[in-house]
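You will see two complexes here that share chain A, one where it goes with chain B and one where it goes with chain C.
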Partner chain A sequence: MAENILVIGGGPAGLHAAIELAELGVNVSLVERDTFFGGNPKKFKYKYLFPDLQPAENVIGELIKGAESNNNIKKYLSANIESFKEDGKKFSAVIKSSTGSETKTFDSVIVATGFEHFDPAKDSKYSYQLFDDVIDIKDLERMMGEGNFTRPSNGKPPKNVAIILCVGSRDRHVGNQYCSRVCCTVSVKQAIELKEHFPETEVYIFYMDIRTYGFYEDLYWKAMEEHDVQIVKGRVAEITSGPDNTVICKGEDTLLRGPFEIPFDMVVLASGMEGGPQSPEMADKLGIELDEHGFLKQANVTLSPFKSNKDGIFLAGACTGPKAIADAIVEGGAAAMDAYIYAKKNS
Partner chain B sequence: MAKEHNKNSERPVAEKGEHIIARHLIDDDAIKEEKNLVIDGVDVSGRWNTFIETRVDSEFDRSFFDEIQKTVVGSRINRCWQCGMCTASCTVTPLYRRFNPRAFIYMMQLGNLKLLKKYTDVAWRCVGCYKCSQRCPKQVNPAEMMEALALLIKKYFPEEIKSKHQLTIDEEVKVIYEGMILGHGRLDLANLHTSAMRKMGKTTELMSDKDERGAIFKMMKDGRALSVLRLGKPHKWHKSKDAIDNYLRHTGTLEQENN
Partner chain C sequence: MAENILVIGGGPAGLHAAIELAELGVNVSLVERDTFFGGNPKKFKYKYLFPDLQPAENVIGELIKGAESNNNIKKYLSANIESFKEDGKKFSAVIKSSTGSETKTFDSVIVATGFEHFDPAKDSKYSYQLFDDVIDIKDLERMMGEGNFTRPSNGKPPKNVAIILCVGSRDRHVGNQYCSRVCCTVSVKQAIELKEHFPETEVYIFYMDIRTYGFYEDLYWKAMEEHDVQIVKGRVAEITSGPDNTVICKGEDTLLRGPFEIPFDMVVLASGMEGGPQSPEMADKLGIELDEHGFLKQANVTLSPFKSNKDGIFLAGACTGPKAIADAIVEGGAAAMDAYIYAKKNS
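Right, the complex of A and B next:
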């Protein structure tokens, strides 16, 4: 008899896990809270993915197609886990969706509930939502996805753009002490895209550290060497309104030792990732642990990163911490293997 | 060349370091030169014994860091990662660019007293608005680090402070300080600062546009002055006030006339 495995979350990690398991002949139930699969990349219409700037559709579209065309995957959209309990070594769950409630027994479970973009409105110093021309990386990603690179306030090309790193990350005041890992790379990628679209626009990146780790460094070099993107060392502390419909970034140039207040046509906040409300909700419902950063806790970050603290429940993707789409997909495959082994042993 | 002549010879004597090419690149402090010097009967006065100290830092003096970390106000010195958000939000920096909380904290971390010494004239300029502490992503509490800095400057460079800034008003500042704490339950450093300036007779500076008055106008304009007022007294202040009052009287710190 085939194994039954529950996958919660239909983003890159969950989709990949579901497809891999289905290929092994497992009966997969894929539960997604939204009306569509694809997670945040789909929701916010990411356009190009780093590091190779391939269209996001190539990746996300493929995953969605793979899951949708596979008959071993039972798909639930606009769905959630209404109740969940252990049943010996197995699990019993009530899945509620638009087509009603269904009670099922599973041999193992993969949680891939992802992350939420940090909402910069939570940190008042950046004046997000106060000024039209202060946007964040997900806004810009969506705008670029729609082919729109102009200033939200007047639809004109920006003369200069400030990209501010580490918004909502690495800051005790907002409660997120961790680095969100991808915003540096997304930002240099967006800087390149902006420059490719408007070569005359001056693009500045305000940074404390630039963490384009591994080969992502290539994009950072490219932004500077091929597109003259200028980096300025210092975290911006305030954004206020400026003359002629500009916004002023106030910070310190820590290398030249002195404060600056410079007007920009457009400001892009590199807001980070958060565990979102779904993480504590899942922890609560499934009886697994949350870590101190608000993400789901791995049994052992090095040795068994895809295991939760409860046998038979596995974790994949950004629900355990900020990560790139490529890493989330890798983790989906790895968690699928762990969940399959567990199911095989106990069914 | 200066007209002064060496007693022992007829050679004219130059100003210290005057003969150095690109003299403007070298700090006064770094030039060692004896006007009159005879070694083994050979006259090596003036330029013949000029010595320029190295301009390369040759050590990080961690003992200074340790000292600051032990103080209550400086205990979080190890947290600072030099992002510059304190300086960016500081009320004083736009008025005195040389007053730079971030840079001061870095100098303190590395124990660079040589550099700190150059800022004895501005290092105590903090007006205690705590904007920096509100912004600091690491909760270093830079406002209080500036207090630690002022204390250390006072300890290590007492002569500089006395000669340059006539800060000999400890007693008077103490009186203002106590009055403020007992009266309002909060330390208003801006008030303390202006009172101290007044006591020092620095009224011109206090009223000049670009200095203190500029800062005060700025704080009124952006609402900070108001928000300080709005803070009000701490919860159940009368009880704490009595306790502090008692304690100070008990220890003999509080003078009768402060009642």
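Right, the complex of A and C next:
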């Protein structure tokens, strides 16, 4: 008899896990709260992915197609887990979707509920939502995904753009001490895309540390050498309105050791990643733990980052912390493997 | 009939992959070139792991025990793949070990051959091997693993220690443009361990960017706030001998915009990670590709980082690029899942 495995979350990690399990003949129930699969990359219309600038469709599109075409995956959209309980070594869940409620028994569970972007409106110094031309990393990603590279205020090409890193990350004032891992590389990628579209536009990146780790470094070199992106070590302390429909970034250049005050046509805030309200909700519902950063807690951060503290419940993707899509997919595979082994043993 | 899967490399990634497959009843052949399992963490006697400073034994010891106690894993030490060829959808390999040569047929293959540390002697400015008190990241890890925190030259506690990041990384002069991902966090961890052992010792870290990405950031805060580690943005350009059996680090403080010349009792070079000679050897033997950095090439860096360009041959761990032990283990799981699916379909 085939195993039954529940996958909660239809982003990159959950999709990959579901497809892998379905390939082994497992009956997978894939539960997604949104009206579509693909997670944040789909929601914010990612068009090109770092580090190789390949079309997001190659990755996200493939995963969605793979899940949609697989009959071993029962797909639930606009759905959630209404209730959940342990049942010996198995789990019983009520899945509620637009078509009603269904009670099912599962041999194991994978949680892949992802992340939320930090809301930059929470930090007033950035004047997000106050000025049309102050947008954030996901707004720009969506705009560029729709082929729009112009200023929100007037639809014209920006003469200059400031990209501000670590918005809502590495910042105790907003409660997020951790680094969000991918914003540096995403921002460098966005700077390159802006320069490719408007070569005359000046693009500045204000950073604390540029964390284009591993091979992402290639993109950093490319931004500086091929596209003349200005990478400035400095913190922006305030954004105010400027003359001629500009916004002024005030701050300090840490290397030049002096204050700056520069009018920009457009400012992009590299908002970090948070566990989102779904993390405590999942922890509560499934009886698993949260970590001190508001993400789901891994059984052992090195030996078993894909396990929760509860036997039979596995974790994958950004629900355990900020990470790149590649890392989320890999974790989806590792969690699927363990969830399958667990199901085999107990079914 | 059980599937047969070959795992090449007995470090964290290979061990985890082998154990997971064996749990599913697969006949695993685990081939390790060294005389022991555990890879570089075992070779250099890692004692505590970042980011939570848990004993390495919790992770590496567990994996070794798991593989050694599993009868579905045929273990080959001091062994290598003498020859390899495709055989329809299967693979035929000759495994050579101290007990002789064996020819076996496999349904799929996982390559997890790991990395080598950059040899700092290749960059003469660091005077590695010229002065006893200039050591590198793996030397210090091994020393601390053996409970030794003192100066190599005289066995006394160091009054001050310099840790120099990006040795052999982010450096085109030595041919490695990429960042090695983990050296920042390992170095911050080592600084904390030094300070815990000798609270009076002054520890400096010279960096370009501190890349304690994600939750590794917690360790960076800890080093600064709890242990008063001095974190200095600056490049060391030369190491020479100094008075009173010291070594002098000369360089420029990028933030203070001035040169420095400081005598240290001990200097630790944070040597990066390289693909090592085993990567081109494996690529050649298995007919898979190398990337431009000298690591094994992933089929798709985002969608399938655990696949080679050849069907049935999968990749895991640092053989595809610098990464943390956690990431290597997760990739071991993801590669195992795919190798199992491939074997199931074709066996």
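To be clear about the criterion, the second predicted complex is superposed on the first by the 347 of 347 C-alpha atoms of A that agree within 3 Å, B and C clash if a C-alpha of one lies under 4 Å from a C-alpha of the other, contacts with A are read in each partner's own complex, and residues count from 1 in each chain.
The working rule: contacts are C-beta pairs under 8 Å (C-beta built on N, C-alpha and C of every residue); 3 or more make two chains touch, one makes a residue touch a chain.
A quick note: this is a predicted structure, and the numbers were derived from the prediction, not measured.
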- Message: Just checking: does A:E86 make contact with chain B only, chain C only, both, or neither of them? Give me first, second, both or neither.
- Response: neither
- Message: Looking at A:A336, would you say it contacts chain B, chain C, both, or neither? Reply first, second, both or neither.
- Response: second
- Message: In the overlaid three-chain picture, which partner chain does A:G251 touch, first (chain B) or second (chain C), both, or neither?
- Response: first
- Message: After the superposition on A, what does A:E202 contact: first (chain B), second (chain C), both or neither?
- Response: neither
- Item | Partner chain in contact with A:E102 - chain B first, chain C second, else both or neither | neither
- Would you sort A:R235 into first (chain B), second (chain C), both or neither based on which partner it touches? first
- chain B versus chain C as contact partner of A:Q54, first or second or both or neither: second
- Which partner reaches more residues of chain A (counting touched residues only), chain B or chain C: C
- Task: Based on the superposed arrangement, let me know which partner A:E116 touches: chain B (first), chain C (second), both, or neither?
- Result: neither
- State whether A:R170 touches chain B only (first), chain C only (second), both chains, or neither. both
- Task: Residue by residue on chain A, keep only those touching chain B in one complex and chain C in the other, then list them.
- Result: 170, 233, 254, 257
- Within their complex, chain B touches chain A through residues 81-90, 93-94, 97, 100, 102-103, 134-139
- Listed in rising order, chain C residues that touch chain A in their complex are 20, 23-24, 49, 51-52, 54, 58-59, 62-63, 170, 177-181, 209-218, 221, 233, 254-255, 257, 293, 300-306, 321-327, 329-338, 340-341, 344
- Message: Taking the touch rule as given, give the residues of chain A at its contact with chain B in the complex, in rising order.
- Response: 125, 166, 170-173, 208, 233-238, 250-254, 257-259
